[in-house]
Structure formats: C-alpha cells, structure tokens
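Paired with chain B in one complex and with chain C in the other, chain A is shared by the two complexes that follow.
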Partner chain A sequence: MTTLTTRTKSLRAASGPEGARVRNRKRAARREGAFGWLMISLSAASILVFTALPIVFTFVLSFFSWDIISPPQFVGLQNFTHLAADQSVIHSFGVTGLLAALIVVLQIVVGLAMALLVQQRKSTWARSIFRTAFFLPLLVSAASISIVFSYLFDDHFGVINYYLQLLHLPAVAWLSSSAGATATIVIVAVWQQLGFVFILFVAALGSLPKDVLEAVSLDGSGPIRTFFSIKLPLISPTIFFAAVIGLINAMQIFDQPYVMTKGGPGDATTTTVMLIYRTAFQNIQFGYGSAISVVLFVLLLVLTGLQFLISRKWVFYS
Partner chain B sequence: MSTAIKPQPAPPSAIQKARIPHAGRRKVYRGFGLVLLIVIAAVFVLPILWTISTSLRTPAQSFDNPPQWIPLNPVWSNYSAVFQQVPLATFFLNSVFVTGAIVILQLITSTMSGYAFALVRFRGKGAVFAMVLATMMVPAQTTIIPIFILIRYLGLSDNLWSLVIPAVGGAFGTFLMRQYFLQMPSELAEAARVDGASNFQIFARIYAPIALPPMATLAVLNFSAYWNEFFRPLIFLQSTNNFTLPVGLVSLQGNFGTGSVSIVLAGVVIALIPSIAIFLLAQRYFVEGITAGSFR
Partner chain C sequence: MTSFLSSPVSRRSVLIGGAALLGTAGLSACSPSGASSSGSKTLNVAYFGTQQAADATAKVAQPFIKANPGVTVKFNGINGTDWNDFFTKVLTQIAAGNPPDIVSVATEGVQLFAQKKLAHPLDDYVKRDKDQLAPYFKDVHPSLVEAMMYQGNLYELPTDFNAGNMYFNTNLLQKSGLQLPSPSWTMDDFHSVATSLKSNSGAVPFDWVVRLWGSWTSFMYANGGNLVTEGKYTGGDWLWSQFYANDPAAAGRGGGWKWGAPTANSDAVVESLDYMVELANSGLSAKPDVGGGSTLQGLFASNKIGMSIGGGFWAGGLHNAGMQNGSFDVQFFPKWKVQRHLFGTGGYGIFESSKNKDLAWEFLKSLVEPAAIDVLTSGNSTTPARRSMMTADRYSTTGPKNWQVFYDTLDKLPNTAPIPAPPYYNAMANALNQRTTQAMSSGNAKSALDGLQQDLETAAASVGS
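Showing the complex of A and B:
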C-alpha cells in the first residue's frame, strides 16, 4: 500500500506523459515482484523440498515395499492392513500415548505452579536465579541428559536409589521394570522441558491486566480463588498453546528411550518413532516405516484438530 | 474481618488489626512458596551439579555413594582422557561446523524471506506463505524417511552437509522475521525510494540492520536446537569421525558401559560449555524466542 503511493508520488513528480507513467509504474511493480520471489526463493525452495514434499513422499512410499537396493514395489494398502494387525505397532502407539499424556499434563501443571511461585517473589534477583535454574536443562541436549539420568537412575549404583534407601524407602527398579522405565522417561522429559512451559507461563502471568487483579484483591478474594476464577481463564490460551506444542513434541519422543532404555525392558518403552527408526533404518523396510509414519502423522493431525475443537469450550480469548 | 465492622474507639488501629491476619496468612503462603521453590530449583540444579562434580572424580570413585557434591579434590584427568578415548575434538569441530553453518544460513534466508513476506508486494505471496506456515506444524520425525532417501540420492550420506542442506530454510525463522518486519514503519522505505535506492538496497541498508534483535533470537534458538540435535545425526552419519557431539557421546557411553562414568560425564560437560556461554551472553533472546510463538 504505502510503497505504491510513494511510487506514484515520485512518478508524478517526474511529470512525464500519461503512457510513460503507466509503463514506469508497471515496470517498477514487475521489478518488485521479481525481487520478492528472489528474496523468498532460498527459504521457500528449502522448505518445499525438505519439508512439504517429504510429507507427500511419505504418503506415496507407504503404498510401496522398498528395501532401497531393489526397485520399489507397489503393494497397495498391504502395509496398512499389515500394520493394523501388527502388535508391535499397536503397542508402540499405546506406549507413546501414555508417555505423551503424562509428559504434557505434568509439564503444564508443574510449569504453571512454578511460574506462580516465582511470580510471588518480589526481588528481581530471586526471580532471575530461579528462572536461570529452571532454564538450565533446556540448554543440555536430550541425549546428554539421558546419559546423565541413566547413571542417576541406575538400579544398583544410582544416586537416586541410594538416597531412597537412606530414607528407608524401597529401591525402585527404575530402568529394569516397565513401570519404572516409563516413569524414568517421563521424569527426564518433564525435567528437561519444564523451562519452556515455565517461561511461557511467566510471560502470560506477567501480562495479566493489573487493574483487574487489584480490583479482585480489594474485593477480598484469596489467592486460591483469584487463581481459579481470574488468572486461570485469562491464561487459558497459553495453556492451550503449551498443550498443542507439547503433545506434538511428546508424541515424537525418541532420544530419551533410545539412550536410557533402548525401548526396554522388552518393548515397554518402544515408542512409535523408535519403531519407525528400527523398521526403516535397521530392518531397511522403507515402505512399512513410511506407513507407520503416515499413521503417526494423521494421528497427530487428528489430535491437534480435536484439541482445537475442545478448546472452544474452555479457552477464553479476551 | 468482623473486628473492622464493629465500632472501635480508635479507627486507625482497627484497620491495622483487620489487616494483620490477612498479611500474616500471606506471609505464610510466601514462606511456604519460597521453600517449595528452593526444593524445585534443587531438583533442577542437582543433576547438573552431580555431572560436573562426578566428572572431576577418578573413574574408580564415580559410583561412590553418597556422591561428593562439591569436588574438594578435583581430578582433571577425565578431561584429557575423554579426548584420548574418542575423537572428541573432531566431534566438537563437527558440531561447530554443522551448527554454525545452519545458524548463519538460516539467518540469511529467514531475514530475506521474512522481509519479502512482510514488506514486498508480489504475486503468489499468500499461497507461498500459507505453505510455510503449514509446514511449521509438521512433526519432523515423520518425514525422516524421504529426507534420508533424498540425502542418499544427492550423494550426501555420512556427510556433515546432509545435516546442513535440509536446514537451509526455516519456517519458524521466516515467520519470526516476518512478524518483526510487519511492525516496522514503511516511511523508511518511502524515503529511501525517493532518494533512488533499489529494492535490494532498501532491504540491505535500511531494514536488515534494524532487525538485529529477532536475528539474535533466531540465532540462539537455532544454536540450541542444532547443537543438541540427536535424531538426524544418528541416522545420517555412519563413521565415527563424522559424529557430532550428542551422537559421539552416546556412542562413548555405549562403548564404556558403566565402567568410566566420570570420563563420559567430562564429555557431557565439554558439550555443555558453549551452550551455557551463549545463554549467559544472550539470555533475554532465549526468553523472547520462546514467548514469540505463543502470542500470535
């Protein structure tokens, strides 16, 4: 808009004949159009080739059987019929769903509690110390963190079982039982990513309208009631955002089980992405691996869509 | 509360009386909150403290319980040992190359495309931007198979460029930069155009230099994401000499089993140092980057 008016102004200043002015304006617009395409070309081409087309290609591959050495064979829906009866696939979705649900809920509840507690602090240095402490794990790679925690949670030599026994609590089979391994992965994932959710909530709580909060506190409403009837509805968009992003990430969990449990014991922590990894890159079944990817992709799409639908009932946009 | 309603001989003291229980309760809340916060903060800091202090003990002491939280007699030998046991220097340089290349390339491509999407008029802009936005929600792990095949087809298997090339353009970066340029005044462009500046000069000389804050945000977020990345390097790289730090450290842990924990942890600390340095230098850009996505 504004760039166009500038151009007409400068052209009018040139005060050439009418035809030349129109031609000039057209040429400038054409030049700007070419410039725009040139500016986006690298990003757009890269995103198209390495994100958009691979989605299409994953769908296409899911109808083939391919070991990358011999030419791919079209098998129709066979991968999907096979998959629907494959216990390991079904089990992996159960494992992933359980892990994701626990991770997302814990992240939001604990992250919000931490943000509220930090907001209570009046001194800025206390706030910044706690903020830094909660942020620290985000800087470490999930792989490194998983190495560290696989030592800490070691059944026999681990520091955590040592302190549990010191408190006369039973040692937990963290990495060698299904429940223990699931709990360990949830703890590590939540521990690492809490800082992200925490920062989101600190920002959201900080941007709440001060006058409303003051009015409520003058009315004699206690902190708990203020939280549930005022703050919670006002930050519901942030909770929703954290839930959507958190679920998409958690449903793709790979690093923690790969490093800490190798999907075990048995297949108790074999997540869907681990199964895709094994199917495609260890068993070299690219078609079948793509079919599992398609199911995960569609499932995430449906879950995100559902979240948006349900959000109309509880998310409050001012 | 009821004391405040009753008629009192001295009104000011009545107000004080009414306030004391309320303020007292608040004090208890805040005190309880502080204790809880300290406990939570300890849960967050102690594993990292344990990592550092155990990396400073001899391999034989690494599983001594209780752990020595404060390394009173630090042993630095693990830090030289880890460089001898695995090509850690090579891992480190590989990580520097991959992360550096992606951060720089994405800064260039995202600033250019973000600017164009915000301030340049061209046909098809809406459609292309819609594609960029749509890919932001794509779960990355579900497209790994075609990308792996593409990498193989391009002859980039087991090559560090296989990590860089697919990450040249970033949907999030484009979006972040576009949002920033949208808030900028267009008078700057108008003035420059009157002075005869070309489209590219307006971008490179006027707009790009004032977009440094979102560029810093993008750089720190990308640094953190790619420095710590595990999934793609694990799949794309095969030979040990091409490993990046996370993959190299996991392979080191696998080789050692539980024998030399302290040596593995020394490697973990070395991998962590650049992240902490960048965080200390650019803390506020991290925070801005995280909140950038949620408010729009």
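Showing the complex of A and C:
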C-alpha cells in the first residue's frame, strides 16, 4: 500500500517542475556513472586479462595434461589423485609451511621490537633515519638481494664464515646443509620483508591513544606490563593484518630459494611455488603444475579463513 | 566525447565492450610473428644470451644479408642461467604462438626438439648441397656431427663445442712447486696435485659446479659410467659414406646417440659421486653450487681455486675475468678407468613451423663458414667446431698455452662422447642437480643416486625415451 502511494506521488511529481529536477538529477547520475565506468575500465580489463583469466585458465588446465607443444588432453581428476600420492609435492608443502611459519613469526616479533625501539627515540631525525634504513631492503628486488646474500653465506668463500673463523668459531654450512639452507632463506626473507611489518607497527604504535597511556603511567604500570596489557591488545588488529599478509606472501616464497639454493641441498628448500615452476616450465607438465597451484590456492584460502576465525579470540577492534 | 558521457551505459554495452577488448587482446597475443607467418623475408633467430650479446652476434648475418637483398635476420636474445632455462623460455615462446625460424640449440636440446617434431631434419638439404658442404664436414670431427643426429636424421651443423678438460691456476701450481701434469695423468696424480695445492697454496684445490656438463659427470665418464645406457640409432649411413668415407674416426658412427634405460645407481656412477663426497669431506674440494659456472670462473680468476673442469669457453671467460695469458693452463681430464671425456656441441636448427625453411637453410650454411664461426666464437667464448680454426694465433691473447688439448680431446681420445641428453633432458638436469646436492649434503651418494634412478625412470616413462 505504501509502495503504491509513493509511486503515485512520484508519477505526479514527474509531470511538474519537480519531475524536471528529478530527470536532471538522474541524467547527471548516469553521466557520473559512465565516467566512473570509463575510469575503471582499463584497470578492470587488465585485472580480467592478467589476473582473473589466468586463474580461471589454471583451474581449467588442472584437469588436463599439456606439454605446450601437443594439444591439451583431458585427464579428469588424474592430476589431483597423482599429487595426493606424490612425495615431492607433499614434501614441498612441508618445506613451505616450515619456512612460512618461521618467516611470519620472526617478521612480526623482530618488526615489532624494532618499531618499539624506534618509537622510543626522542629525536625525530633519528626516527626518520631508522625508518628509512629499515624500509630500504623492501625496495630492492628479492632476486638481487638473494644473489648478494648467496655470496655472503657461501660456505667456502663467504664473508660470514670468514669472520666466524677469524673469531675461532667453526664455519657453518649455510647453503650446503638442510638446516643451514633453511635458516639462510629465513634470514634473508625476514631481513628483506621486515620493512613492511616495521612500518605497520610504527604507524600502529604512533596512533595509540595518549590519554590511555598517560593514565596507565599514572597508575604506576611498568613498561613491560604496559606493553603486554595495553599496547599489545591495542595493536592486535595490526598484528593480525601483518600475519595474514605475511602468511600469504611467505607461502608463495620463490626468489630466495630459487636463487640461493635452487631448492637444495636435495629438496630441503624446494618450496611449493618452486615445484610448480619446475613442473610446469622446466619439465613442461603444465596440467600437473596447475593442479599443484590450485591446491596451494585452496590451502591459502583455508589458512586465511582459519586465521580470521581464530582472530575473534585475540584481536580487539575497539 | 560529450555524447558518450551523456548517454546511459547499460550493463550489456559494458559487457560487449569488455568482450571486444578481451577479444582484441587475445587475438594479438595469439598471432604469430608477422614476419614468418606472412612469408616475408625475415628470419627470426632465437639466440641463447642477452640481447646485447645477440646484437653483437647478429653481425654474423651481414654477409648473408648482403648476398640476399631484401632479407633481414633478427637475433632475439633469450637469457637464462643454463640451457635448461633457455629451452623453457623458447618453449614458452612457442606456446605463445610466436615460434622463431631458427634456434640456437646445444647437445642438451637436440633430441628434445627433434622428438617433439619442433626441429626440421636437414638431410635433404645436406644431400642436395653436398659439394658445397664437403669442405665443412672434412674440417669437423664426426663425433660432433653425430651428436646433432636423432634417429638417423641430422638436425644441426655444429658450429662450436666444449669438452670437459681440466684447468689449472698456474700461479697456485708454482706456489705449490708443481707443474702442469702430463697428458696421460691419472686420478692418483689428480689426488696428489690436489693434496699439494691444499698444503702449499692455501687455496681450495678443486671446485666444480652441479650440472650435467663438466661436473662430477666428468669423473663418471672417466670411471666408465653413465646415467643412462648408451646405444646408437641406426641410420646416418648417407652422411658417413658421403662425407667421412675415409675417416677412421667415423667408424661405428650411427644415426645419433640412443640414450636408453637409466643406470644412475650403477657401481661406476655411485663410485664417482662417492669420490666427490670424499673429496669435499677431506677439504680437497669445495661443496659445489648449482649453476652456470660464472661464479666459479670468478673465484678461479681471483686465485681462490687451483683446479676446475672447463672447456674452450673457459679461456675467454677467464680472460674476461682478468686472468692474464700464462696464469692458467689446461690439460686433458685425468684417467680413471678410462680417459674418457664428455663434450657438448652447439649449432643452429630450423623450426618445423618456419615458413622460410629454404632461406633458413641458406643462412645455416653461411653460419658454418670459417668467417661466421670466427664471429660466433669471438674472444674464445667457445671452441670452433672446425679443426682448421684451432690455431696458436687464436689463443695468443687469451691463452691457454696448451690450447691444442681442446681439439685433441676429440682427435686423440676416440671414446670421448657427448653428455647424455635424451628428450627428457630438462627433467634429467633438474633431478641430477637435486640429487647431487642431496649426496653432498648427506654424504650418502648411493641413497641419492637410488633416488636419481627413480626420477629418471619416471621421466623416461612419461616422455618415452
């Protein structure tokens, strides 16, 4: 009944001067809409062509066997059943999980620690210097950094072992032992990505409500208590954001192991994305490589969903 | 513009516009290079190296372009850490619908390209132009030619090669009171040179790179082992009887190497890798990296390494790294059970999909002229396939003093053979890299090679050897 009355009113208005104003407003809105479409069309097209379509293509290809040269052959779920029993795939997920866990935890802990230290500097000048210094590695390509670090960490000719031996410490098999190679990749990945997490925490700590901190201080709370009981809960949304983004990035780690260890020694640092690259682009098994990509994609979705679920218990938004 | 902005935009028009845009993008991505599809006189050459190197090499085409007015030759540099990387990129280029007319392919990829019917056999062209090619074949060792054959067909004319010889840093040899070993030196001699270098020079006595060519695989060849069984395809008589009728080195040649069942965990292979593990554990060698070897050359040039495996290309590499002529030298690889060397050879092949095969063949012929090979091997970046081009003058700037070793490896050691490169070469190279580092890290060569055996069996089964 109400709808009918509204419609009748608007029909009456449409025939008078009020109607002309409505029509003009609608025309202006349409014009604005068209301009909006024009503005986003290039981005939308590029996302469609370079992101959405390849993703769809990967999903489709995971049901095929394709060596680039011959036409693709439909194999149904064969790629997925094969990878479920493929030890190299299972192992790569293990390696990736271990690396991701170490990288994310260390990035958050070290990034937060450094942000706290920088925040304590009274001099704005010193803060700027530290912020820039910690952020700089993020601007350099991971491949370049990995090349430099592979020279530094070289077992026989590297600077790090040279100084260790000068200090009468044993040389470490940084790149030629499983544990050493894993540790080296974690160190390099954390060092490079730290700037991003660090900047997030600097911003979060800088925006903490001053009245709350002053009140806590007046109540006689020490720095450790203040950190764990006040600051940490208040920046928990930032920690959560850093954990989600960090995990998604770390699960796709490729540059550092590819450049520094080629996945070795053996397959100790062969990550899932490396295995996808090797399977698809080097062994020319694009269908199988796509199936592994799909599994990684689904796993990342599940892990991110889990993080959101768990976050309800420890992230405080108010 | 105004009318467009003022007109309402329906969902349908956006979808139609989007589809048209995608269609255009898709079509432009799928269309092959204009040159070869239209049959115009442009030859596209896929070249393994940077674009800068490709541009420098492109001058090799100048005499051909001059002799064929209206023809252009485009060298497209495809960079990669090794041949494996290069093939991956060429295959991706093919998948993108943009195959080149000609591709530079070394031993590593000959059978891969031939088995996939990507390369065009040259037999008919060679038979047709036999008189013109006779001087070339007379000048090239038959083992290099045979390495370019697959199932009786010839796919490339070799332009260059590299055999795995042993390089010595002569500064470090002198510091250790040693001299260049004799050509018939043995593994015991090698061990004693390494021990002396360790004690007296302070450098790492021996270093190597994990890869198929000139790696621990050189020790494996000298120990009489191989990763796969060796055989020969039938056929090829048309070539041997035509060009090598009176050459004893051509006796027993067939239609190309037939790489059979994997033998990666055979006794000789295990013993070879075990030796490398022991060498590293005793400090006589560094634990190797996976890669193309440029870092190794840098370390060798800075007097940090006493010995390493290298081919003719090391002469140019070490010279470019700053080593003076005389500060390094070369000798045959030592004898273990046999003094067998491995080699790889390079050349250019014609793509089956090329619309300009006849023209491409004419260009290929021009590439094996001495002047062209001179450009392709300039700075001793590799070793000429033509014996007559191996002269003292060629090595007078770069060294080494004992440069004759390069071609003598083919002429004086008849059991020298190409690296095993079946059609599943990519999978083989990846597996070899992985299992070698596993063995070096764990110290258990047998277990790693059992794994390699499995990897190769799987790869062979999936591709079909």
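We take it that the second predicted complex is superposed on the first by the 285 of 318 C-alpha atoms of A that agree within 3 Å, B and C clash if a C-alpha of one lies under 4 Å from a C-alpha of the other, contacts with A are read in each partner's own complex, and residues count from 1 in each chain.
The criterion applied here is as follows: a contact is a pair of C-beta atoms (placed from the backbone, for glycine too) under 8 Å apart; a residue touches a chain by one contact, two chains touch by 3 or more.
Nothing here was measured: the structure is a model prediction, and the numbers come from that model.
In the superposition on chain A, contact is made by A:S178 with chain C only, not with chain B. In the superposition on chain A, A:I248 makes contact with chain B only, not with chain C.
With both structures placed on the common chain, the touch criterion links A:G266 to chain C but leaves chain B unconnected. Judged by the touch definition given at the top, the superposed model places A:D155 against chain C, while chain B stays out of reach.
In the superposition on chain A, contact is made by A:L138 with chain B only, not with chain C. Judged by the touch definition given at the top, the superposed model places A:Q282 against chain C, while chain B stays out of reach.
Of the two partner chains, chain B and chain C are each touched by A:R31. Of the two partner chains, both chain B and chain C are touched by A:I68.
Annotation for chain A, partner touching more residues between chain B and chain C: B.
In the superposed model, A:L48 lies in contact with both chain B and chain C. For the contact definition in use here, the residues of chain A common to its chain B contact set and its chain C contact set are 31, 33-35, 37, 44-45, 48-49, 53, 68, 150-151, 154, 157, 281.
Residues 1, 26, 29-30, 33-34, 36-37, 40-41, 43-45, 47-48, 50-51, 54, 63, 65-67, 108-110, 112-113, 115-117, 119-125, 128, 131-132, 134-135, 137-150, 152, 165-171, 173-174, 186-187, 189-190, 193-194, 199-200, 203, 224, 227-231, 234-235, 245-247, 249-250, 253, 258, 261, 264-265, 268, 271-272, 275-276, 279, 283, 286-287, 290-291, 293-295 of chain B touch chain A in their complex.
The touching residues of chain A, when paired with chain C in their complex, are 27, 30-31, 33-35, 37-38, 41, 44-45, 48-49, 53, 67-69, 150-151, 154-157, 173, 175-178, 261-268, 270, 278, 281-285.
Within the complex formed with chain B, the residues of chain A that make contact are 2-7, 9-10, 29, 31-37, 39-40, 42-55, 57-58, 61, 68, 114, 117-118, 120-121, 129-130, 132-145, 147-152, 154, 157, 159, 162-163, 166, 191, 194, 196, 199-200, 203-204, 220, 223, 237-238, 241-242, 245, 248, 251-252, 254-255, 258-259, 273, 276-277, 280-281, 286, 289-290, 293-294, 296-297, 300, 304. Per the touch definition, chain C reaches chain A in the complex via residues 4-9, 14, 17-18, 21-22, 25, 84, 88, 91-92, 94-95, 116-118, 204, 207, 286-287, 289-291, 295, 299, 304, 426-427, 430, 433-435, 437-438, 440-442, 448, 459, 462.
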